[in-house]
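We just call them A, B, C, D, E and F in the order they show up, numbering each chain from 1.
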Amino acid sequence: MATDIIQAISTNLLSPAVLFFGLGLIAALLKSDLKFPEALYVTLTIYLLAALGFKGGVAISEAGIATVFLPAVAAMALGAVIPLWIYPLLRFGGRLRPVDAAAVAAHYGSVSAVTFITATNYLKGINEPYENYATAFLAVMESPAIVVGVVLGKMSLGPQPGIFGGSLRKVLHEALLGRSVFLLFGTLVAGALCGKAGMDRVEPFFVGPFQGVLALFLLEMGLVAGRRLEDLKKVGPFLVAFAIVLPLLHGFLGVVVGKYAGLSVGGTTLMGVLAASASYIAAPAAMRLSLPDANPALYLTPSLAVTFPFNVGIGIPIYYAFARYLVS
Amino acid sequence: MTTHAVKLVTIICEALARKPLQQLLDEVGAHGYILFTVEGDGRQGRRTADIREFANIQVEVIVAPAVAEQLLLRLEREFFPKFAMVAHESDVRVLRRDKF
Amino acid sequence: MATDIIQAISTNLLSPAVLFFGLGLIAALLKSDLKFPEALYVTLTIYLLAALGFKGGVAISEAGIATVFLPAVAAMALGAVIPLWIYPLLRFGGRLRPVDAAAVAAHYGSVSAVTFITATNYLKGINEPYENYATAFLAVMESPAIVVGVVLGKMSLGPQPGIFGGSLRKVLHEALLGRSVFLLFGTLVAGALCGKAGMDRVEPFFVGPFQGVLALFLLEMGLVAGRRLEDLKKVGPFLVAFAIVLPLLHGFLGVVVGKYAGLSVGGTTLMGVLAASASYIAAPAAMRLSLPDANPALYLTPSLAVTFPFNVGIGIPIYYAFARYLVS
Amino acid sequence: MTTHAVKLVTIICEALARKPLQQLLDEVGAHGYILFTVEGDGRQGRRTADIREFANIQVEVIVAPAVAEQLLLRLEREFFPKFAMVAHESDVRVLRRDKF
Amino acid sequence: MTTHAVKLVTIICEALARKPLQQLLDEVGAHGYILFTVEGDGRQGRRTADIREFANIQVEVIVAPAVAEQLLLRLEREFFPKFAMVAHESDVRVLRRDKF
Amino acid sequence: MATDIIQAISTNLLSPAVLFFGLGLIAALLKSDLKFPEALYVTLTIYLLAALGFKGGVAISEAGIATVFLPAVAAMALGAVIPLWIYPLLRFGGRLRPVDAAAVAAHYGSVSAVTFITATNYLKGINEPYENYATAFLAVMESPAIVVGVVLGKMSLGPQPGIFGGSLRKVLHEALLGRSVFLLFGTLVAGALCGKAGMDRVEPFFVGPFQGVLALFLLEMGLVAGRRLEDLKKVGPFLVAFAIVLPLLHGFLGVVVGKYAGLSVGGTTLMGVLAASASYIAAPAAMRLSLPDANPALYLTPSLAVTFPFNVGIGIPIYYAFARYLVS
């Protein structure tokens, strides 16, 4: 398996998308002038999520809700329970304040859509088929851990008056109507309603250019992640190690769940990737809103500057190797 | 033409503080505001404004002096400990006092 | 014809573009965070207009100016006369102030490029051929009604001193050199000069992705229209009814004109769509500049929040049914 | 270093008021201005700045005190009845008076 | 609540002056700033802000009075002869003096 | 050769990209409202440079570094020496101040990526093959002349204290890590590492739409160049003539160098285009940073408002005619 993994990693590292990511990292480290406009970042995000959701919806319309239901529930449950062991680990192993432990737990139970997309791209590159409806797992896995994390954090802080206290309603609104979840769910439904006939009409936009757009987007994400690298010193060795070891464990766990949910090697890989990935957009936004006392350096930097690059470059092929080993 | 003395309160902060800040403006009784994205540098490092969620925003709000005082007080107490934030107040004159 | 229409409407509602529009409406109603950057809106507009104009120009170079001339003149005349009955109707039926009646008249005589594009998309989806040079009708129909409306409004206000008074020159400059008219005319000419050989070179950009880009754009337009829905209460029942009934009448009228101008079923449909559609970008801009006393709530809200969604979802297949009924 | 007291007039308004506003600035004799798009909220509802034509703009113009007075007067008379608009004036100091 | 009087220095200039300006801010001891792109018009013609490199930027920096004086002095001497640039200073109040 | 050239020019003028450029010029001259958002300009730049670099890198991986090395060194040398005769010419012929002469020299020794791309587009349009790795010449030719120009200018000014004085380090950082050079080099390397297999995955994004995107970009560049046309009166007849004559001379020189470097007719044309083109983004940025005393009207306006449109419309087919004449 070791040579398999090394082989898989180097294939991954030499794909256009991952090379562009590396280029972005280097640009950030060399303090190059290169900077994407905010509008381009938002545009690429909207495009990637809409394309992913629409394709996923079409796949659901073909496979049937019944097929998707079980693994989707498994994915959701996995997302919701991951914070439950991260919290004590960070509280007592990492000696983090309760609110910080809760915030980090929310991030690692939630998911990174970009990591997921990079993984589908990897599978396409090595001609490994996967269930296109796996997008549904991505969609349902973003929010549960965030809600669990916020509840853990609020419990630890006790009742709070004023703007930052109060009910869970705001968290739920944010979790369910935030940009990425809304776009994914909405386009999943649109795709499911249109089916194949609809796909034929938008394919040259949403399918053909997808891999190239991803490469461009990863260039930007390399810049964004690279700029955070200097914050690593504020994070400490425990959290840096955490940000690599936990994804490996969760990747393995995700693969096991995927296998028992009856997915193919490709789909199982994706379940591993989802479990291993950590949020760095939706979760931080929810934390600033609902747990503003948590320290962003402790949750955003590990997730964005360690786990994300690790998964994109090395993690994905490892989870694939796990899946091949377990499933076939 | 008569002008009226009011206060312009300017708040620079991380974009993710936006929603609670809007709630605060409502609570102290501000009747409007403007908001835009800015790049910035400060004690907590450079913000390049390339990702909407990690950018800085500048919020400007014209209010009566008593409201300004209330707003700054609550910013200091409730927001400064939690967010990267700078706030300043200055004197401006407007034409229609009743709007603010 | 009734079952035909119902069938046509449901086909339309299940196309990706219209589903994305609905998604935008829902996002706005649920107050989701989803928001397109201004730069993306402008980019999509430029792309759609340039693609449309260029394709239209190539079609003109093939069909010859002579073929296009007569129906284009008919389209222009139709745009110019529509305000002449809307104005008295709103003045006396709707009891609007003269300047408001003139402003609304300008909007409904002018056209919505997005509605037109959605209609071409609909025709493509049901494999109904149409004259590609119909873009020329769109290009010539935007301005005449705006000029007529401004003249009606200025006459009603009497001579005005200062910045907002004065000559028609500003109106004409705005009407002829505004972004959309300029882009459409310019790319029509470019397309006509290049012909088929030029088209071959830009086809993968301007043709293939077009339907997908439209879907994305309609998502944004759903958001924009949806945010205006709460202004409907300021508009009153008369104008809301007006914003549905008049398009139906104009749609029928446009179809009649298209038929006598010798167009195919598809082209006739498009002429109906143009007559039925109302402007919500170019006309409001001209009104704020030349008739700033008119109340935007009375012209923008009906056009953007009622007529536009009505046409996109239901109007287009109805005008198509009219056209089939009359032409074939 | 000598600084000179002049006025900074700030105007927030709907983007479509831009051209007449530029004409007004010319007419009162302002020698320059800056302009940028802002989101905002006010009595006439939220403006999200997602469509250029429906956005708010903020215009800032440095002028001599007499020009500021003239500008505010005409804004009040000619613009406030027609447009969603807020204007305020404040005291600033510049280095080269002859520019303004 | 105690507020402290400091200065807000606002600089409008061509985008390409950005790097030397940042260096100047460092040299005079400013602790932060904000920066955003603006359209503008002035003696040296219209700047439409459609190309990043040819746009105008507005930089706003809150500083202690002595720093403001130093900053304006050096702007006048070292920057005004070379760049299209306007600078003005005004009085603002902040909550935490030690930040500036 | 004369009829050849006239034929070649009119073919060029009727291509979509050049027509769109003309449309932009007209829009600027008529003071149309048309305006691209800054974010779109940056996006199109990033796309075009990344596509060009990646394609070039793939070509290098196929041709081998050895093939590319010699002509690349020749290109670099050409860029570095051009300022050496422009400087005295402008100093003594044009009576420019030393610092202005140095700044203009930097611009004309450096290159315009857009002109280069338009030339590849022209060659594609007439089915003239060229070495895809020519992008490497573009990449190495941007900086040398800028460094030489800054050194000439600094020497003329003598030692300067303060922010604008000091070392060459800033210039070199700017020259090597500026956006365009970094993107070109980075994507060249990425393309070379991926090779053909990588290209297959991103081709529908980076290759298919390329010519259409270029057309859209040239529309914007027409606007930008057109807005500068009124500054021509500040420039004077000497510099205007300079901005047309020097490109013709450099174009011929570049073609000679390309021929002796063993390039095909297409590649030789591109070498001529590079020599003839002048920078209007990277060089002005470097001048404002390192020679801020130079007057931008004297370097930017000739380069952007004269040389650039001249090359796009007329120069490119002329250099092609030179190349055909010399090489075949």
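FYI, contacts are C-beta pairs under 8 Å (C-beta built on N, C-alpha and C of every residue); 3 or more make two chains touch, one makes a residue touch a chain.
No experiment lies behind these values; they were computed from the predicted model shown.
Contacts with subunit A and subunit F are shared by C.
Listed by label, the chains touching subunit E and subunit F alike form an empty list.
For the pair subunit B and subunit E, the fraction of shared interface numbers is less than half, so the two copies use mostly different residues to meet.
Across the assembly, the mean Cα position most removed from that of subunit C is the one of E. Comparing the CA-atom centres of all chains against that of subunit D, the greatest distance is found for A. Distance between subunit B and subunit C, defined via averaged C-alpha coordinates, is recorded as 40 Å. Separating the CA-averaged centres of subunit C and subunit E is a span of 45 Å. Within subunit A, contacts with two or more other chains are made by residues 35-40, 42-43, 208-209.
The multi-chain contact residues of subunit E, meaning those touching 2 or more other chains, are 36-37, 90-91.
By the document's touch criterion, interfaces exist between A-B, A-C, A-F, B-D, B-E, C-D, C-F, D-E, E-F.
By the touch criterion given at the top, residues 35-38, 41-42, 162-164, 220, 223-224, 227, 231, 281, 284-285, 288-289, 292-293 of subunit F touch subunit E in their complex. Those residues of subunit E that touch subunit B in the complex are listed here as 1, 3, 6, 8, 22, 31-36, 62, 90-96, 99. If you check the complex, the residues on subunit B that touch subunit E are 10, 12, 36-43, 56, 58, 69, 72-73, 75-76, 80, 86-91.
Put simply, subunit F touches subunit A in their complex at residues 37-40, 42-43, 46-47, 50, 54, 174, 177-179, 182-183, 186-187, 189-190, 193-194, 198, 201-206, 208-209.
Interface of subunit F with subunit C (complex): residues 14-16, 19-20, 23, 26-27, 30-40, 43, 124-125, 208-213, 215-216, 219.
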